[in-house]
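What follows is chain A paired twice: with chain B in the first complex and chain C in the second.
Up next, the complex of A and B:
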């Protein structure tokens, strides 16, 4: 019982850390793309998964989605739902990078701006996938344990609040 | 709060799903086989001649479209650095196709980007823009009248400026890439041509230029 109690006390702090890391990463990643949308379009196109028109829409729109997710996570607003959306986005990112690796493409993921072709042998798919898997774990944690400290979700009571299901 | 969150979630899901189900770029089954064997490009029954026009490259030196390139194959594209969509996609695709060529074939090709917006596209800006795709791409600028003359000679339309609500403007232009074999424009590719087809066609153009 004592162990369970300690875990219950630590979970909101762990969720706060997860929110800050995941939200910070999304915010930075989105902001770096927003300041250079043309590179974002080129990065999306480099995956060779989307036609030109769709690559343009995703290249211009995705950074704003990332920033929105980052801000909501940092503020702790609708944490469970936003974490679920973040997790879904990360699954798509991982699938895209795996797909690029399997098809033998030599590209930078463009996760933090930039992107596009890189010389063969200079890809970093392994690190990119591991990083996204780590972030996905944080997102899944937040779906499971959305209550956290310093979150707007908990403002009403002044303490970690169980998120709406 | 709940509605806003669900709206955001729905938008994310819709964007992602639409991306997932979008057809991957690949040769269309309805494409009519090109008589010259290009899988993505269309061969020109009456080839264009490379315009004998001198512009300025990104280091400020004169660059004559017909006489300066030392490679036997030239890929010519007209666009501008503020172009919001199609120019990026086209140059990105060309860069990716070039990357997949053998080094020997790649060395035989010069990609030339001519700005259609010389008022805003200064040499340094063009250089920065092209470097994100491939530093070997040549960027050219010059008087708009000369650029328009060169464009007209190779079937590229440059429309006037269209003002944007933001206060800026965009420049309408055709977005095909024209492939020249020793100054003879024999093939063109439209935006959205699959990268694998571009790579095939570039190699074919090099082979035929030997």
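Up next, the complex of A and C:
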């Protein structure tokens, strides 16, 4: 009982931290890509997974998905749903980087702007995947423990509201 | 827990079911609202980027490097600057490569200075491997060099590197950097991709010379490590090369 209540007391703070870190990373990563749309498209094309026209749309649009999710996470709006969507996005990122590594491409993931081909031997797939896995853990934590301090939420965290109407 | 004590079990169960249904409904509405929010942001974002990449180029940085019209020869780079300059700076760049734009922003002024003082001249290999815009820009660069405003055009292409480089944008840029309406010859050169073969030959030349990334810079034929370069160390390198 004692450890359980301690967890119950600490979890909202841990969730606040997870929200701020994940949201902050998404917001920064998205903004850096929005600044330079040409680079973002080039980065998507470097994965050689999408036809040109699709790569353009994804290169332009995907950073805004990150910014939208980042803003929602930082504000703490619908944390469980947004965290699940963030987790899904991260799984896609990880799959894309793994596929680039498996196919032997020499590219930068373009996770924080830039991206595109790099000379052979200068890839950093291991670190890129580890970082995304770490962020995925934060997202999964938030799906499990969505209620947190300093959040707009309270609504639709998947729990009954405690506050009186 | 907090329910009235006089409710029987069935009523409590019904109340709980009602609450569960209400929560589910709330949740569904919330998911729709979140999805709509993301869609609006992304849709707006795509429209914003489409506008940004298709708008007219802004004015290019002015340059006093005078370049006489050059002849475009397959496999040969575009010379920019005084032919008598003691130092040759060879540049392999794609007008749409992100790192090239960063490189130009950081080191462009130093290189332009060396060109202006007739210390160095640039031999430009515009490569085209990122996208369609790389090709159209490289072709237009050759057209501009032929027309005699290559240097200004080169700076203008990098100053506006977020543009997609459609024909009207490339012609507009020529008008902005040359200060007058571009000639019919230039327009035709851009629209007909007059130097398409030359653009291909640039990629081939880079391949032959063992260049596998952009930007790549050589000073008097010696490759420079851009990763550790600062504008100051570049200036020193150019001046040292001029002394020899």
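Simple rule for what comes next: the second predicted complex is superposed on the first by the 153 of 165 C-alpha atoms of A that agree within 3 Å, B and C clash if a C-alpha of one lies under 4 Å from a C-alpha of the other, contacts with A are read in each partner's own complex, and residues count from 1 in each chain.
We adopt the following convention: a contact is a pair of C-beta atoms (placed from the backbone, for glycine too) under 8 Å apart; a residue touches a chain by one contact, two chains touch by 3 or more.
A quick note: this is a predicted structure, and the numbers were derived from the prediction, not measured.
Colleague: Given the superposition on chain A, are chain B and chain C in a clash or a fit?
Modeller: clash
Colleague: By the touch definition at the top of the document, which applies to A:42: first (chain B), second (chain C), both, or neither?
Modeller: It touches chain B and chain C both.
Colleague: Under the stated touch criterion, which partner chain does A:72 make contact with: chain B (first), chain C (second), both, or neither?
Modeller: After superposition on chain A, A:72 lies in contact with both partners, chain B and chain C.
Colleague: With the two structures laid over each other on chain A, which partner does A:34 touch: chain B (first), chain C (second), both, or neither?
Modeller: The answer is second: A:34 touches chain C but not chain B.
Colleague: Just chain B (first), just chain C (second), both, or neither: which does A:92 touch?
Modeller: first
Colleague: Between chain B (first) and chain C (second), which, if any, makes contact with A:7: first, second, both or neither?
Modeller: Once the two structures are laid over each other on A, A:7 reaches no partner at all.
Colleague: Touching A:127, do we find chain B (first), chain C (second), both, or neither?
Modeller: A:127: touches no partner chain.
Colleague: Just name the clashing stretch of chain B against chain C, choosing from 1-9, 19-27, 37-45 or 199-207.
Modeller: 1-9
Colleague: Under the contact rule defined above, give the chain A residues that sit at the interface with chain B and also at the interface with chain C.
Modeller: Residues 37-39, 41-42, 45, 52, 57, 60-61, 65, 68-69, 72, 77-78, 81-82, 85, 114, 116-117, 119 of chain A touch both chain B and chain C.
Colleague: Note which residues of chain A are touching chain B in the complex, please.
Modeller: Against chain B, the touching part of chain A is residues 37-39, 41-42, 45-46, 48-52, 54-62, 65, 68-69, 72, 77-78, 81-82, 84-85, 88-89, 92, 106-107, 114, 116-117, 119, 164.
Colleague: For the complex, which residues does chain C have touching chain A?
Modeller: 19, 23, 26-27, 30-31, 33-34, 37-38, 41-46, 49-50, 52-53, 96-99, 101, 130-133, 161-164, 212-213
Colleague: Report the residues of chain B in contact with chain A in the complex, numbered from low to high.
Modeller: Going by the criterion above, the answer is residues 1-2, 4-6, 8-9, 11-13, 15-16, 18-20, 22-25, 84-86, 88-89, 91-93, 95-96, 99, 129, 132-134, 191-192, 194-195.
Colleague: Can you list the chain A residues touching chain C in their complex?
Modeller: Those residues of chain A that touch chain C are 34, 36-39, 41-43, 45, 52, 57, 60-61, 63-65, 67-69, 72, 77-78, 81-82, 85, 113-119, 155-156, 158, 160.
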